[in-house]
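Note that subunit A is present in both complexes that follow, paired respectively with subunit B and with subunit C.
Our next item is the complex of A and B:
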């Protein structure tokens, strides 16, 4: 009954007659759709010019279709440069960082929320203050530290940075979930003579799979797109990830728009695909990750 | 139970790896940044202790203050645009059909890397073949502006893609917050004859206050440390017209190899972000808790 009322008078305009409602609705929808189109149009244009040759890019109107799609742009870009290598590096760095971050954050969150020890609140505080630290203010010392340890230009330098900077956000999302876990689970397993490790790996961790999936996706998006650490720490082409590799690659192709478009499309397609498949999780994760601060 | 859950060895094993990483990658570098700022150093050679010279120089460095002003402008611009996002989220949350799909579409740019967005918008702003100037040309404009090469247009031209990138993010946060407001409250007000405007301003806004506070901090602090897109699109140019604090720091350290001065800038950036967070918290927390009567 209640929901029905809410559905038929969504904006509280019920008192002003049906006509106004309809006009109002149309106006609101127009606004919302204009916004959606604005969000998509640059990407549509990118897709279009990734399939055109220069002549078509320069002579046709921006949103005209190419006479025939030049799929060879994609082939050329993939085979002529290091895109495949960058792609592999991005996958490697992203996967390792995400697994490490989510696992380590689960350990700490479990220890803080479920176990009893002095200093747990202090440690939690240290992690939460980490949320407010801009990466730029750590960049110069990190660079010189990694230089001394011979870690610059290795994937390890960026993985360590990603894990450290993602731990606070990840823990923040996990915290609420861990606090809500019922105490009875622990009591029962302790009664059965379960060790803490066993309890954590066999009972608690499986129970938190949904929230781990959410945090993994958020971590993934962040790591896949990260720029400043890779740009600073990695110097050789062999170790670059897609974001920085794409940036340099485009530098060589300033005039071939089709090649540039194809490169950009290759770099954003994986994220778009993941989004198509798991959009609910992502939306929910981003909302959870930001509001709880 | 008590004994199992306060097992010191397990706690240490669960907490120490992450804690050490946090200290090594975030906290130690921050202290070092402050310390490097007291030295003259090219990053490789020996450091010379110069006391507060770098910090004093920062105060009189007009190029730094210009970059700080640009960061502040971006912060103000982002802060004001939150109002628009809030309005959109309000409309979207009013049981609009397709709301789910729309907010997902809005979110798409946020998922892409800053480099891809920057490269795409570089093409959008291209003086002759970009979408913008192609359209202007077809409308009969003969000398369309060179958006990114014009010192007085470059900042607004950069703000637009930033807005485009983050719109969906803030709309999503507000939408999630609005959906958390119990339907019964809104329904009760509606039965009492409250108008849509009254419901929005007297009920939804006060209840959304915490969420709004968080977004204000996120957008202002995020703007103060904003870097990626500007670095790729204009690199602070033309002639410093789009330099922001983070890019200024980066140029000092990694291009001029003035690591001491770069560190002082980075430390100032950190302090400005922390002070801004504190000020916003203070300003938004001053009111009493809202009473509903």
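Our next item is the complex of A and C:
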């Protein structure tokens, strides 16, 4: 069967050649799987760790299951604090910031790559400067500014900072793709009497869906995990996000290792779940796309 | 044409406003105070270039610059080629490729500070699981002090690579998807093999996107500090102190550190210098890569 198939192959690949390819594929897969295991091990270990008690943490081998999983680690951590509230804040801040950032960055990138106007290079330069701005040196002036505007300790202060600081990076990623977009589609739509707004929302945005997905994910991950801004601008417990809230728990449970594991797991679980549910869409959706000319 | 111009300004205004108010203005504020001796309280005293002459003599700062170079170079030299190769492999029709893509990307989604705590427990020399495993399988005879002076930088780089590969793989993948299929079909008709397609279609077509991705990678790795802060806090003996970690300590000093006083003036000057270094490196890269692109 196999030899027949090989013989009928147009370029006449010999069975020996096929064997080599098979060995090559096996080697490739082995390498890919080793790398995949390396990427997964710390997470797997953390999961096991969060289900153990102190004695099991130190006496059992690292990747051994506990005799019975200590789910109460999660219960203790969950009931003794504000994790639900932190969770809500994280979602709120992340979603609003991501939508604003990607939309605004698309506006700018479109204007810079597709329109002719004075100062486009200057504006691009300003955003490039934005890319270089060290976040720390802006923390103190930003704090005093938010204080004057009565915005400290509000989600708005966080959202505004996230959008402003993520715009340059988002634009940098969008730029390469916008430059690669074929101009013919736009020209055709202009010939058909399409307005700029319509062209942008109906043609350009859909064409850039894959790269918008990429930037959304990058933004989502950044915002979800951001620590410094929240730590500086937010003082009350009810406005804290998950990353900052979690640090309190770590401080509280310095001797209870299982609880530390559970706390760490809870802080990564929401984004892990989103990823598990949507990973096909996220990873495949970014790659498969309509950017093809 | 006129309509187009108005539109451009409307499209740009909101982002420009945000960048000016929340990025450029605070930057100017910091720029002003880098000429002052200011501890965050009392009256700022104008000292001209005093902070900068202090930077020139600040060995701790320059060693942090050197460490940043080692850290960024070590991270990028492994991460970028590896992620590009992975992207090219996983861009082909391969069984299980979406699962592999997802697994490689997974570490990227976690908070650097949270994962640093996890790695701190893993790389711990006394009861860390890495040493436990190495000892159990007799790969080492004595526990390795992963966070000690000899290996701390290597450990931070390994962790950084672990967290970054998937990210750049995905960016390269998105770039690869932007290459029109017609080109590959045309190359096939001309009798090009897989390697030739890679050399004459994929790499040149990926050029502009690759240039942007590498530029992003450089700035990000020069700015990285969060996981190092949690993992080693710059120690031991400043071996893993990177620029932005040093800066952070000046602005938000931790009690018990040698410099326990908030130094807004000097911190601003250091912030400016680090930004100059990052900007300079990025600019040099941009120039070189542009020249390389022109050659093609």
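Throughout what follows, the second predicted complex is superposed on the first by the 215 of 293 C-alpha atoms of A that agree within 3 Å, B and C clash if a C-alpha of one lies under 4 Å from a C-alpha of the other, contacts with A are read in each partner's own complex, and residues count from 1 in each chain.
Everything that follows uses one rule, which is that contacts are C-beta pairs under 8 Å (C-beta built on N, C-alpha and C of every residue); 3 or more make two chains touch, one makes a residue touch a chain.
Bear in mind the structure is a predicted one, so any value in this text is a computation, not a measurement.
Colleague: Thinking of the overlay built on chain A, is A:83 touched by subunit B (first), by subunit C (second), by both, or by neither?
Modeller: After superposition on chain A, A:83 lies in contact with neither partner.
Colleague: Counting only touches as set out at the top, which of subunit B and subunit C does A:214 meet: first, second, both, neither?
Modeller: In the superposed model, A:214 contacts subunit C only, not subunit B.
Colleague: Please indicate which partner A:48 is in contact with in the superposed arrangement: first for subunit B, second for subunit C, both, or neither.
Modeller: neither
Colleague: Give one of first, second, both or neither to describe whether A:186 is in contact with subunit B, with subunit C, with both, or with none.
Modeller: first
Colleague: Touch check for A:160: first (subunit B), second (subunit C), both, or neither?
Modeller: Touch partners of A:160: subunit B and subunit C.
Colleague: Who does A:262 touch here: subunit B (first), subunit C (second), both, or neither?
Modeller: Neither partner.
Colleague: I'd like to know which partner A:172 touches here: subunit B for first, subunit C for second, both or neither.
Modeller: Second partner only.
Colleague: Which residues would you name on subunit A as touching subunit B in one complex and subunit C in the other?
Modeller: 28, 32, 35-36, 38-40, 42-43, 45-46, 49, 58, 61-62, 104-105, 107-108, 110-112, 115-117, 123, 126-127, 130, 132-134, 136-142, 145, 160-161, 163-165, 167-168, 196-197, 200, 221, 224-225, 227, 243, 246-247, 250, 260, 264, 267-268, 271-272, 275, 279, 282-283, 286-287, 291, 293
Colleague: For a test of understanding, state which residues of subunit B touch subunit A in their complex under the given definition.
Modeller: On the subunit B side, the touching residues are 1-2, 4-8, 10-11, 13-15, 17-19, 21-30, 32-33, 36, 43, 88, 91-92, 94-96, 102-116, 119-121, 123-124, 128-129, 131, 134-135, 138, 164, 167-169, 172-173, 175-177, 183-184, 186-187, 190, 193-196, 199, 211, 214-215, 217-218, 221, 225, 227-228, 232, 246, 249-250, 253-254, 259, 262-263, 266-267, 269-270, 273-274, 277.
Colleague: Can you name the residues of subunit C that touch subunit A in the complex?
Modeller: For subunit C paired with subunit A, touching residues are 1, 3-5, 7-9, 11-12, 14-16, 18-27, 29-30, 40, 86, 89, 91, 98, 100-115, 117-119, 121-122, 127, 129, 132-133, 136, 162, 165-167, 170-171, 173-182, 208-209, 211-213, 215-216, 219, 223, 226, 244, 247-248, 251-252, 264, 267-268, 271-272, 274-275, 278-279, 282.
Colleague: Sort out for me which residues of subunit A touch subunit C in the complex.
Modeller: 28, 32, 35-36, 38-40, 42-43, 45-46, 49, 58, 61-62, 104-105, 107-108, 110-112, 115-118, 120, 123, 126-127, 129-134, 136-142, 145, 160-161, 163-165, 167-169, 171-173, 175-177, 179-180, 196-197, 200, 210-211, 214, 218, 221, 224-225, 227, 243, 246-247, 250, 260, 264, 267-268, 271-272, 275, 279-280, 282-284, 286-289, 291-293
Colleague: What residues of subunit A sit close enough to touch subunit B in their complex?
Modeller: 2-3, 5-7, 9-15, 28-29, 31-33, 35-36, 38-40, 42-43, 45-46, 49, 57-58, 61-62, 104-105, 107-108, 110-112, 114-117, 123, 126-127, 130, 132-145, 160-161, 163-165, 167-168, 186-187, 190, 195-197, 200, 221, 224-228, 232, 242-244, 246-247, 250, 257, 260, 264, 267-268, 271-272, 275, 279, 282-283, 286-287, 290-291, 293
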